[in-house]
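Letters A, B, C and D mark the chains in the order given here, with residues in each chain numbered from 1 onward.
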Amino acid sequence: MTSYTSIELMAAVASHQLEDGKIVGVGTGLPMIAGLLAQKTHAPNLIIFFEAGSIAPQVPTLPISVGDSRCAHKAVAATGLAGIMETGQRGMIDYAFLGGAEVDMYGNINSTVIGDHDSPKVRLPGSGGANDFGSLSWRTIIIARHDKAKLPEKVSFITTPGYIEGPGAREKAGLPKGTGPYKVITNLALMGFDEETCRMKLISVHPGVTVDQVKENTGFDLIIPEDVSISSAPTEEELSALRQIDPDGIIIGK
Amino acid sequence: MTSYTSIELMAAVASHQLEDGKIVGVGTGLPMIAGLLAQKTHAPNLIIFFEAGSIAPQVPTLPISVGDSRCAHKAVAATGLAGIMETGQRGMIDYAFLGGAEVDMYGNINSTVIGDHDSPKVRLPGSGGANDFGSLSWRTIIIARHDKAKLPEKVSFITTPGYIEGPGAREKAGLPKGTGPYKVITNLALMGFDEETCRMKLISVHPGVTVDQVKENTGFDLIIPEDVSISSAPTEEELSALRQIDPDGIIIGK
Amino acid sequence: MLRKGQGELLSSCTVDEIRDWNRKHKLRGLVDKVTTVSSAVEKYVKDGTYLAIGGFGHIRISMPLIYEIVRQRVKHLRVSGHTAVHDLDVLIAGDCVDAVDVAYAFAYETRGLSKNGRRAVESGRIKCVEWTNASLSWRIKAAAMGLPFLPARNLLGSDTFEYSAAKEMECPFTGQKLVALPALMPDVSIIHVHYADKYGNCSIRGTTVKDDDLAKASKRVIVTAERIVPDTFFRDNPERTTIPYFCVDAVIEAPHGSHPGNMPHEYYFDESHIRGYLKAGANEGSLQEYLDKWVYSVKDFDEYLDLVGSKKLKELRQLEELR
Amino acid sequence: MLRKGQGELLSSCTVDEIRDWNRKHKLRGLVDKVTTVSSAVEKYVKDGTYLAIGGFGHIRISMPLIYEIVRQRVKHLRVSGHTAVHDLDVLIAGDCVDAVDVAYAFAYETRGLSKNGRRAVESGRIKCVEWTNASLSWRIKAAAMGLPFLPARNLLGSDTFEYSAAKEMECPFTGQKLVALPALMPDVSIIHVHYADKYGNCSIRGTTVKDDDLAKASKRVIVTAERIVPDTFFRDNPERTTIPYFCVDAVIEAPHGSHPGNMPHEYYFDESHIRGYLKAGANEGSLQEYLDKWVYSVKDFDEYLDLVGSKKLKELRQLEELR
C-alpha cells in the first residue's frame, strides 16, 4: 500500500472537488496546492485566479504568497484585486477555495479573531480576500483542521459567511442567489451541506478513520447519512505530482 | 494692419482664457484648435485631455476626431472615457472647452435637439462628453455663433447645465460646488458671468464690433458693464501658429 | 423629492440574471474560438439584439461585423451610442436600428451632421434615449463590476437627465444628491482590436475608450483583430491584455478591419470614402447605391478590401505613420 | 431595516474636500519631481497621517520609505491594511501605528502569523476596523472615481460588516440589498514601481493589486522606482502607463527597493532575512536589535543594501529568474 501523509490526502481529496474547464479562486497554502494538483491530474484546463490580480498563470514552482511573481508567471492577464473580485461579482468564479481557523455547522468561517473583537485572545489575519471570494463565487470549498474547537456549533466571528443561520439567510442578507459553501475537507473527512437545512453533513471518511471518530471530533451535530463512503486515497500519480508542486515539502511536509 | 478671419480671432481669444500648467478637456473643432494654439504661444505646459482617453499628447497635425490617433500621439498615458471623466469627477480638470448650438443667459448649452425631443425639428448629436466635462470641470469655456437664435433667453433643451436657473441652482441639483460656465467666445465678443446673478455679461467686443451690435444679436438681456474693452486681435505669432496647426484650413478656413 | 428620468431603459436584465447567464453560457476554459464573420453574426446577432460597438464611432470599429449585420438584414437592433459615428450610421442606412441610447450620434465630429442619421430620427424611425459619454461608460462599468448601478455626479440639473432612464439618489454617507446610473449589459458587443489569440485574449493599442469594461459587461462578445497571435504574446507580457479570453465568444482575423475608420498605429481615415458615404446619405436612393456597391454586392470583407484596393490601403498606412 | 457597521471611519474627508484639495494642491504641469527618500518623508508623512502602501504586503513594497518613516520616528499612523504583511509589520515594530483598516494583516501568508503584529493588537496598542481585500480596493476605487461611495455585494451577512464602517443600502433600480462602501482617500500613499519618469509617470509589471486606483485616490503620492527612465518610455507606448504623472508628488530612484520583499521580474523574496525578522519579532528586545541594525544604524537605503550585500542581491535576482 502507498504511504502518504494526512496533508497529501487532504490535498488530493480537495483537488477532486474541482472540475476541468472551470474557474477557481484560491487562497494561500493548501488550497493553492490542491488547485495545482487538479491541473496536473484530472483538470488540465482548470483556470486559477489569484486575488492580487493574476489570471490563468502557469505556476512554475510553489509560491510563498498568492500575490508573488510565481503566481503571476505566464499569466494570460495581469489585473488587480478589484479586477478579480469584480469578475467574481458578475458570476464568473465557479469555486472559491479557502482555509479557516474555525468553521461552523452552516459553513461560516472565522479567520479574524478568537475572543472579543476589541480585546482579542488571538488576533488572526482577517478576511483578506476570503469574504469576497466566499460571498461572490458560486461554490465555496473549505479546508480546516478537524477538532471540536475548530469545528464549533457557532464560530465566534463570521469573517466569511456560509449559510449564516440556515436556509434563506444568505439571500436575506443580500448575498447573490445560489451561492454558498459546497464542501469541507478536513484531516478526517470530506463533508458537504444538506440542501434542505443547509447544515454540514458527512460525505466520506478518510481511509482508516471511523464515523465515530469524526462525530467525536466535531463540535456540533453533524448530519450522518446512511451511505457514508471512504475517501479515495491519493494515487501514485497524485503523490508524484504533489512532490513536483512542493519539492521542499513546505506545505505538504517532508 | 494684420488681416485675419473671424474664426482665427475666436481661436486666439479662446486660447487666451487658458492658463499654463493647467488641465483642459477639449471638444471637437475650434476648442481643439484653441488648446493647441495656447500650447504653441503663452501656455507651453498646458495639458490637454481628450475624452476618448488620451492624456497630454503631442498632437502632430490637426485631428478629425477627439478620439483619433492624432489625439493620442505621444500621449503620456492612454486610458478611456471613464478614466478621463473620473479624473474630472475628482476635481483635476480645470477647464472644459465646449461648443454648442444654443447657449442661454445662464450658460446652459443645447447640443441635443431643436424642437420637441420625441419628434424633433433638428436632431443634433447629443451630449457626447459635453455634459460630463461641463458638470465636472471647474470652469467651462463655451464657443458659439452669435445671433438671437443661438443665444436665446432659454435653450430649448439643456444638454449641458450652466447655472441652470441662476444662483445656487447647480449646487441644489447636486453638481459639484464651485463649478460652472466661465467664458463665452463668439464671433462678436468675449463674455463672462456675473458673480451675483450668474447671468452672462459682456467683457470685450471684438475689433470693429460695437456694443450695440452685440446687444442686437443677443436673444436675452446681456449685462453690459461700464468698462467693456476691445478683444485683442490675433498677433502675427498666433496667426502663424494657427496655420501650422491647421495648414489645410479645415477649421480656421483657407 | 428625488427625480427620475422619463426615458425608457432599452436593456433590462438585472445583475442576478447576468450572474446566471455568465454561469451557464460563458466558457471558462482555454478553447479555440476562431470562426468567420458570417457565422458569428448568424449565431449571435438576432433581430432585436441590444448591440454595443467597441472603439470610438469611426476609430477602431469592427466594419466586417457591421457590414455583415447589414448584409444579413438584421432588424430592430437597439444600439449603445457612446460617440457613435460611422458604425451606427451604416447600421441605420441598412435599416437595422429601432432605438439608440444616445450620447453622441448622427454626426461625424469635424465633418458635421449625417443626413442619414438625422432623417432617421426626425422621421420618427428611430427612438432616442439620452445619455452622455461618461454615463454610458459608467453604465457599462457597472455591469462589468457585477453591480446593478453606479453613482455619479454628472447628468444632474439637465434635460439630458430628464430624457434618460437615470434616477437621483442620496449618498448613504454624505447625504449629497447623486445620479444613479443603471447597469448596461449589451446582448452582443463587437470589438475590433490590434491583437487577439485564438482563445480571445485581446490587446488594444492607444486609448481603450471603454472596451475593457464593455467586453466584461456583455453577454456575448465578438472580436475582430488586425492580427491573430500566439498566446505567448500575452503570457510573456500579461500587462498588455486589455480583454481576458473568458469575456470573448468568437475571434476573427480581420486586417484593415476598421476601414474606412482610423486604426491607431495601423492606418488613418479613408477620408474620401467617408465623404463619399456622407454625400450618398443625402437621399435614400444614393445611400442604397452605396450599400449595393460596398455591402450587398460583395461576399465578405476580403472582397470589400479588393474594391478599396491595395494602393489606397498602403496610402492610409503611410498617412497614419505621418510619412 | 438597513444596518450599519459599528467600526470607526478612520479617514474622513469627503469628495468635495478632495476636489478642493486636488484643485489647490496637485500640480498639473510636467514638472521635475525627483527628490530623496528623507525629504519626501519629512515633507509628507506627519504624525497621525493616514497611510496606504502599494503592492501586496511583501511584494512590490517601498521599503526605503517604510524604513525612513521608522527612522524619522513618525507616530500615530493610521494604515490601510489590504494584504498588509511585512510593510505594516515593520511600521508596527517601529511603533509608528495606532490603527489599521484590516483586510489581511499581522501575518505572513504561508509563513504564519507575526508575533509582533499579534502582540500589538492583543495588547490593545493598535485598534482594528474590519474590511476585506475587495472592500478596501473598492473604497479606494470610489475615491479614484471621485465618488463618496461604491456599492458592492460582498461583506453582507458577516461580522466583518458589523466591525466595519460600511452601511447597507437598497439599489435604486432593483430594490435589492447592497453594501455601500465609503470612499477611502489616504493622506499619503507610498508605491514602489518598476519604471518612473521624473514627472511621475509610472509603469508596473505584473499585477497592479490596486495601485492604479490608489495613486488617484490619495492626497499625496510618493513613488520609489527600480529605474528612472526618460518620458519617451511612456510617450512611445502610452498603454504601459499604470499611474499618470499628475497623481504623483515625489519620485525617488530605488533599485532593490522592495527588499526583502519580492519584486516581480526583478528579484524574489530574501527568505532568510524575512525569517530572521519574524524570529526577532518573538520579543521586543530582539525586535529592537533588528531595527537598530537594519534601520537606525544605517543612514539610508544605499547603506542598507551594502549591509545586505551584492552577493545576496545577485542570488535573489537569479531566484526570481528561476535560474
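Methods note: contacts are C-beta pairs under 8 Å (C-beta built on N, C-alpha and C of every residue); 3 or more make two chains touch, one makes a residue touch a chain.
Quick caveat: nothing in here was measured; it's all calculated off a predicted structure.
Here B-D and B-C were compared by C-beta pairs in contact; the pair with more is B-C. A centroid comparison over C-alpha atoms places B as the chain most distant from chain A.
Rounded to whole angstrom, the centroid-to-centroid distance between chain B and chain D, based on C-alpha atoms, equals 40 Å. The geometric centre of chain A is 28 Å away from that of chain D, both derived from CA atoms.
Mean C-alpha positions place chain A and chain B at a centre distance of 57 Å. Those residues of chain B in touch with two or more other chains are numbered 54, 72, 78-79, 82, 89, 136, 176. Multi-chain contact residues of chain D, defined as those touching 2 or more other chains: 15-16, 146-147, 152-153, 176, 178, 205-206, 238-239.
The touch graph of these protein chains has some other shape, matching none of line, ring, star or complete.
Screening every pair of chains for touch gives A-C, A-D, B-C, B-D, C-D. Taken together, the chain C residues at the contact with chain B in this complex read 55-59, 81-83, 85, 102-107, 109-111, 113, 117-118, 121-122, 124, 127-128, 130-135, 137-138, 141, 152-160, 163, 168, 176-179, 205-213, 262-265, 268-269, 271, 320, 322. Across the complex, chain D is touched by residues 20-23, 45, 47, 54-56, 58, 72, 74-79, 82, 86-92, 94, 136, 138, 176-178 of chain B.
Taken in their complex, chain C has these residues touching chain D: 14-16, 146-153, 167, 169, 171-174, 176, 178, 180, 182, 204-206, 238-240. Taken together, the chain C residues at the contact with chain A in this complex read 15-16, 18-23, 26-30, 143-147, 199, 201, 216, 231, 234-236, 238-239, 241, 244-246.
Within the complex, the chain B residues that touch chain C are 28-29, 50-54, 60-61, 64-69, 72, 78-82, 85, 89, 112, 117-132, 135-136, 157-161, 164, 169-170, 173-176, 250-251.
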